[in-house]
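The next block holds one structure in the form of structure tokens; read it before the comments.
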Amino acid sequence: MIVAGSARAHDLGIAANIAVLDAAAHLKAFARMDGAMLGSIDLSIGKARTSALFQISSEAVWDYCKPGAPAHNLEASNGGLMPFPGGLPVAAADGTIIGAIGVSGGAPSQDLDIAEAAVAALIG
Amino acid sequence: MIVAGSARAHDLGIAANIAVLDAAAHLKAFARMDGAMLGSIDLSIGKARTSALFQISSEAVWDYCKPGAPAHNLEASNGGLMPFPGGLPVAAADGTIIGAIGVSGGAPSQDLDIAEAAVAALIG
Amino acid sequence: MIVAGSARAHDLGIAANIAVLDAAAHLKAFARMDGAMLGSIDLSIGKARTSALFQISSEAVWDYCKPGAPAHNLEASNGGLMPFPGGLPVAAADGTIIGAIGVSGGAPSQDLDIAEAAVAALIG
Amino acid sequence: MIVAGSARAHDLGIAANIAVLDAAAHLKAFARMDGAMLGSIDLSIGKARTSALFQISSEAVWDYCKPGAPAHNLEASNGGLMPFPGGLPVAAADGTIIGAIGVSGGAPSQDLDIAEAAVAALIG
């Protein structure tokens, strides 16, 4: 997943941080491409953790806590969630969530693009 | 309370986390039903803590900090409040607050429903 | 497990905190018996977490970091380990670790006794 | 480095966590081999961080804080050092420290063996 994500990031001209967590939100693998911002290390892990904890994309978590939604300040739970694009759950062929990936380094939409490429590579 | 709350959650088809705190906001009992989201462990404790600290429902705390209300950023106090439905204070027969319950796992309205069932069982 | 542990604690005249975690160290169940010390809430969870993270008893972790052992200051890792008696891994019938239990409230030897009773009840 | 370290760990029959940090102690790459203990994730990063911060092996840091040495409690600095075998600084061909590696999962001597194999592969 990290190889595929890095390849996609390279194509986009982005220096990305890519974090892969297991289904219980423990770190499984991580890579920081040369030139990626230091502040994005924590963002990549945080997006993946947000996805793993709630088993949805990191940005979908925002639907629960954005203005007008019922779960005010949800983003402050669990030590601080990162509810914006770039984190995706990772499922096995049978649909079971087996972990999550988080990408940070580019614009949120680019981060999501890279995460999707990584997930697609796993599914193959 | 946890047995009653779990029974209600089961009826609703929800895998819930249920946390019970004492009046000083220290953990008294907790149960995570099989399949409940990991991210909701902290939410259930957070809602109960929010209720215990202010002796009102977790969602009522939002009335003090929502846009237009005077207590700007109150939700960032106490390590992060969870001011949305699912947390309720627990009172003795004489009205004294003896603790709080917090539920997370379903939609906020469902979480509140489960918390109410748990409180009702205590009052019996 | 919590019922069996509480029964054993009652027999010993101990007001115990009992925490059960899953194999990834996330809280699954918790109970504080009436009169148990507040400071022991975190100890019970910490002992269980220590066992879950290293898949051995909490006190066995001390063998790695005690004076003369090679892993100096290991106890400061993972946000602070609790490497003393009262935490045990919990295994399924086939030997797979499925979680951990942590007990605190009495003397360490009593806490271990209670944890053993809880594990025995599960296997039973 | 992670590929070489993982290969050495595989030869030793160890499921290791391997962390690579840059010279400023920020995470550069990480891998957890299947079956590696969850508690060792933090240990691998901690050993690498210990090496990166002081530009010596993690175990050499112990020489400064061990009983009788002058730097009492040095191990509590920097959020908690891990001053035991398994962390090594990584130098460029000209001797400049460019980062550090930390390994955890086996006995400390095995972790050091794996770290040395990873460093050797870089120099190779």
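Points to keep in mind about this one:
Letters are used for the chains, namely A, B, C and D, taken in the order the chains are written, and counting of residues starts over at 1 for each.
Convention: a residue touches a chain if its C-beta (ideal position, glycine included) is under 8 Å from a C-beta of that chain, and two chains touch if they have at least 3 such contacts.
Computed from a predicted model, the values in this text were never measured in an experiment.
More contacting C-beta pairs link the chains of C-D than the other of the two pairs C-D and B-C. Distance between chain centres (mean CA atoms), subunit A to subunit C: 33 Å. Separation between the centroids of subunit B and subunit C, computed from CA atoms only, is 26 Å. With touch defined as above, residues shared between interfaces to two or more other chains in subunit C number as follows: 24-26. Taken as a contact graph, the chains fit none of the simple arrangements: neither line, ring, star nor complete graph. Listed by chain label, the pairs that touch are A-B, A-C, A-D, B-C, C-D. Interface residues of subunit A, counted against subunit D in their complex, comprise 26-32, 38, 41.
Subunit B contributes residues 37-40, 42-43, 46, 62, 65-67, 75-76, 80-85, 107-109 to its touches with subunit A in the complex.
The touching residues of subunit A, when paired with subunit C in their complex, are 22-26. Subunit A meets subunit B in the complex at residues 24-25, 50, 52-55, 67, 70-74, 76-79, 81.
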